[in-house]
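You will see two complexes here that share chain A, one where it goes with chain B and one where it goes with chain C.
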Partner chain A sequence: MGAAKMKDKLIYALFWLSGLIIVAILLSIVGYVLIKGFSVISLDFLLQSPRKAGAEGGIFTTVIGTLYLTLLALLMAVPIGTGAAIYLQEYASDQSRFARMVNLTAETLAGIPSIIFGLFGFVFLVILLNLGWSILSGGITLAIMILPTITRTAQEAILTVPVEYRENSLALGASKWQTTQKVILPFALPGIITGVILSIGRAIGETAALILTAGSSLGMPLSVFDPTRTMSVHLYLLAMEGISLERAFGTAFLVIVLIVIINFLANLSMRRFSQAMH
Partner chain B sequence: MQSTTRLQINTRKNNTIRFAQNSGRGRRHKGEKLIEIVLLLCAALFILVIFLITIFIFAKGLPLLIKIGPGNFLFETEWSPTRGVFGIGSMFMGSIMITLGSMLWAVPLGLSTAVFMAEIAPARIGQVLGNLINLLAGIPSVVYGFIGLIVVVPFIRDYFGGNGLSLLAGIIILGIMILPTIINVSRDSILAVPNEYKEGSLAMGATHYQTIARVIVPAARSGIITAIVLGMGRAIGETMAVVMVTGNSAIIPGSVLEPVRTMTSNIVLEMGYASGDHQTALFATGMVLFIFIVCLNLMINLMARGGINSGRS
Partner chain C sequence: MERIYKIQSQNLDVFYRDFQALHAINMDIEQNKVTALIGPSGCGKSTFLRSLNRLNELIAGTSIKGQVYLDQQPIYTKELDVVALRKKVGMVFQKPSVFPMSIYDNIAYGPRIHGIRQKHQIDNIVERSLRAANLWEEVNNRLNSPASRLSGGQQQRLVIARVLAVDPEVILMDEPASALDPISTSRLEELIAKLKNKYTIVIVTHNMQQAARVSDYTGFFLNGELIEFNQTDELFVNPRDKRTEDYITGRFG
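What follows is the complex of A and B.
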């Protein structure tokens, strides 16, 4: 008995160690980028357009490009993804073949690597539909990639709406859509917002699919038919082609800071959401 | 426990729906029907998209695969687009080696962290760790690649030899990247093990660790396997981080210190300037990757249906 307890203690220590290793890995990655990148960040770096392929100047056009692409993708994916979630939770029966099929495809879609989406966007949007390397091609590709996240979180949020709410609304004579619109969606909104925040994180970090669909032009994008370069693609090219290590650190700094903020917001909205339920 | 409540919600939901359908007739009927159709189309879009992706990747890749034969394409190790020789054997091996290598260390570390979070850590610490792991999952792959290039590659060059851009660098970076998937999914499945199992084991005089090793982990088995397979899928599909740290020579590496090229790297490196057969060969590479990933997904789905406790439902 005593020996077994001793052994338990030892093994406990190993479990604690594995937790510590994870924390150490995370803190050293985030800390390293923040410390090395901080000195590069200035207003000029953020607000000047890149010159000489990014070796000089700032990263302004890539910030705008990222913003454009993210907004466009959300504009498409949020209504469609939420609509799909409403249909699956409120209209379709769970046992229906169709609902099962949609759930299966959503899961499959979530597991497909981004490079495959890139190939698809390239052959279908860039070449076949002749949209070229553009914000539109990249935005549509990105929208497809974030659809599963948006739908899944919306589904989970809708699932938590108490059945009484629906029954009361329907009993008051509201139609099904009115109930969805006025009762279910407001209740599920924090959950849906969590999905949107997570999708923004994915959009900011996406690289492989966007190189193949949005291109890597450093010019200021004006219309959705212009090509653009996102911050992540910029970071990749700066580092890989050895253009400017300093500016690569600055870009990585900005990306990490955004991701940390997004993560914080997602946590916050999730907590709000679970509080609202009680 | 959670799944039973869900089931209840679902059956009650269906009753409400039936009720709603009965009361929905009348002047609003037309508008309601239209909205339902629009929502249906949103859901149907998922099926359409996966259909389109499959069609287009296959339509572009299959002709070349048939022309040179799937066996030749997969196992021929020479890749010289300029001479019209397309064999992804070395890349196929590269993907397998880097995936297995990263799992070799990330799976044990991930599982023990999952057990730690679910069973050992005080609730508060478990929660903080959970948040940190979500952050780890949110860091973009290009940032991991950058860290690998700036920190890991020089470290390997200085302490182990070679030029640092190597299979080993890829294994280290990729392992970190699949940790969150492994930890989160297996932790959920461990948490889903009914408390009675644990109490029963402790009541019989087993220590906490014996309970973890002989009762809890075996009960969460299918969820843990799902976690590992999902991590594998993530590793094999990862692109940017791998491109940045592995050196990308299309040869089968003789040691972990030699460079390697994966299937994903092959696509992203050459797609920009490829044309003709070369471009088609890259799509065929994507096709092989796609088939691989879909098979892994189907495996997970079958397991989820077969296992009692999958950790996902």
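What follows is the complex of A and C.
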């Protein structure tokens, strides 16, 4: 009895340690970034345009570039991804060959490293379609990258909608589209938003594929045909080219803050929404 | 008084892929009466019910032979507008399934999808439907609170109100009391008795006392066949078929 009990305690301790390691990693990274970058963080750092390749001034244009690119990617990927998910869950029959192909493609896309998308975007969008290094090229590339995540999570969210809702709605004389639009999508929305949040995280963190497609210009992007530099690309170049490690950490800190804010807002809207429903 | 038949099924066969769930069902359902369908689990009574508003079609691999007539018009034709059919033939399911919206929006759902936009018109429908479903007194002061906060019995009456709001002529009920407590059940049965003045009701139940209490006619199903169909008093007191007798006396089920 004693040995078994000891073993139980030991294993409990190991699992507890695993949990602790996760917390420790997160805290030390965020803490380290914060301490290293703290000295450069100020309102000016956030709101001024970079000067001297980022050695002076702030990072405002890269914040705008990040938001611009992410928003454009979402504008393309959310409708297409959600549309594909609706098609797969609501309209396609399980036996449909096309549906199986869509599923397989989405899975495969999810496994392709982002740099491959970057290379494709560079050759096809930037050069062949002559879109140049631009927010449009970068946005399309990002959209392709996040499409599988959005499709998959939307599919899973739709799957959780009870079949009774569909039956009740159809039995009231609603069409399939009315049912999808008024009952299924509202119910699935929190799940769909989770996918969008994950995608935003990926989009904000992307570097290599964006250097190839959106360029690394520090100018203020005005239209979608302008090149831009995202915060992550900026921090990569600041560190890589030895411009300023401190400013790289400052940028990193703001990237984390941005992601936390987006997560917070998404959670908030989700909670508002589900409170209104339940 | 001459009998008016609201629904007539003629040699209706239903198949789920290779499995034949219903065998040549012939049944004439009288208008403004309650018709109960009884029988053991898997006997085909629910399948029959769901073929009256063409809801079986939602299940992949379902096929149908024979015909069902609503007001003498066939419903299994290519031209038939399924939306119009389901508007006329409403359905209440076993599990009360309120949509995750307010009480008001649940009732307004049907009228809105059928194109009613004016607020005062929808207000009227909501009140009328909730009154008709004997729920108005209990919820009129909290129409905007989530429907999921109602009790099970209230939810089932809400679902009935939601069906009434699209102004059907027939109401199909698939074991509507199976998830309810005895008090809620008796309120539901009162409601059914009141509704039959205006609507034709077909109710699936595996509670024979309930069938005896609420219905005018009863059909007994077994293994996909309609074994016996008669006036409820007659069927329970004087069954003609041995199998019906065995079932209602509780020898199997």
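Simple rule for what comes next: the second predicted complex is superposed on the first by the 235 of 278 C-alpha atoms of A that agree within 3 Å, B and C clash if a C-alpha of one lies under 4 Å from a C-alpha of the other, contacts with A are read in each partner's own complex, and residues count from 1 in each chain.
In the analysis below, a residue touches a chain if its C-beta (ideal position, glycine included) is under 8 Å from a C-beta of that chain, and two chains touch if they have at least 3 such contacts.
For clarity, every value in this text was computed on a predicted model and none was experimentally measured.
By the touch criterion defined above, A:167 reaches both chain B and chain C.
When both complexes are overlaid on chain A, the residue A:147 reaches chain B alone and has no touch with chain C. Look at A:94: by the touch rule set out above, it reaches both chain B and chain C. Look at A:24: by the touch rule set out above, it reaches neither chain B nor chain C. By the touch criterion defined above, A:6 reaches neither chain B nor chain C. In the superposition on chain A, A:175 makes contact with both chain B and chain C. Taking chain A as the reference, the larger set of touched residues comes from B, when chain B and chain C are compared. When both complexes are aligned on chain A by C-alpha atoms, chain A residues 93-94, 166-167, 170, 173, 175 touch chain B in the first and chain C in the second.
Of all the residues in chain A, the ones that touch chain B in their complex are 4-5, 7-8, 11-12, 14-16, 18-19, 21-23, 25-26, 29-30, 32-33, 79-81, 83-84, 86-94, 98-99, 101-102, 104-109, 111-120, 122-124, 128, 144, 147, 151, 159, 163, 166-167, 170, 173, 175-177, 179, 198, 201, 204-208, 211-212, 232-233, 235-236, 239-240, 245, 248, 252, 255-256, 259-260, 262-263, 266-267.
Chain C meets chain A in the complex at residues 53, 55, 58, 60, 83-87, 90-91, 93, 95, 97, 99-101, 109-110, 113-114, 146, 148, 159, 162-163, 166. The touching residues of chain B, counted against chain A in their complex, run 6, 9-10, 12-14, 16-17, 19-21, 23-24, 28, 31-32, 35-36, 38-40, 42-47, 49-50, 52-53, 56-57, 60, 109, 112-113, 115-117, 120-121, 125, 129, 131-136, 138-147, 149-151, 176, 179, 183, 207-210, 230, 233, 236-240, 243-244, 264, 267-268, 271-272, 282-283, 286, 289-290, 293-294, 296-297, 301. Interface residues of chain A facing chain C in the complex, by the touch rule stated above, are 93-95, 162, 164-175, 178, 182-183, 186-187, 276-278.
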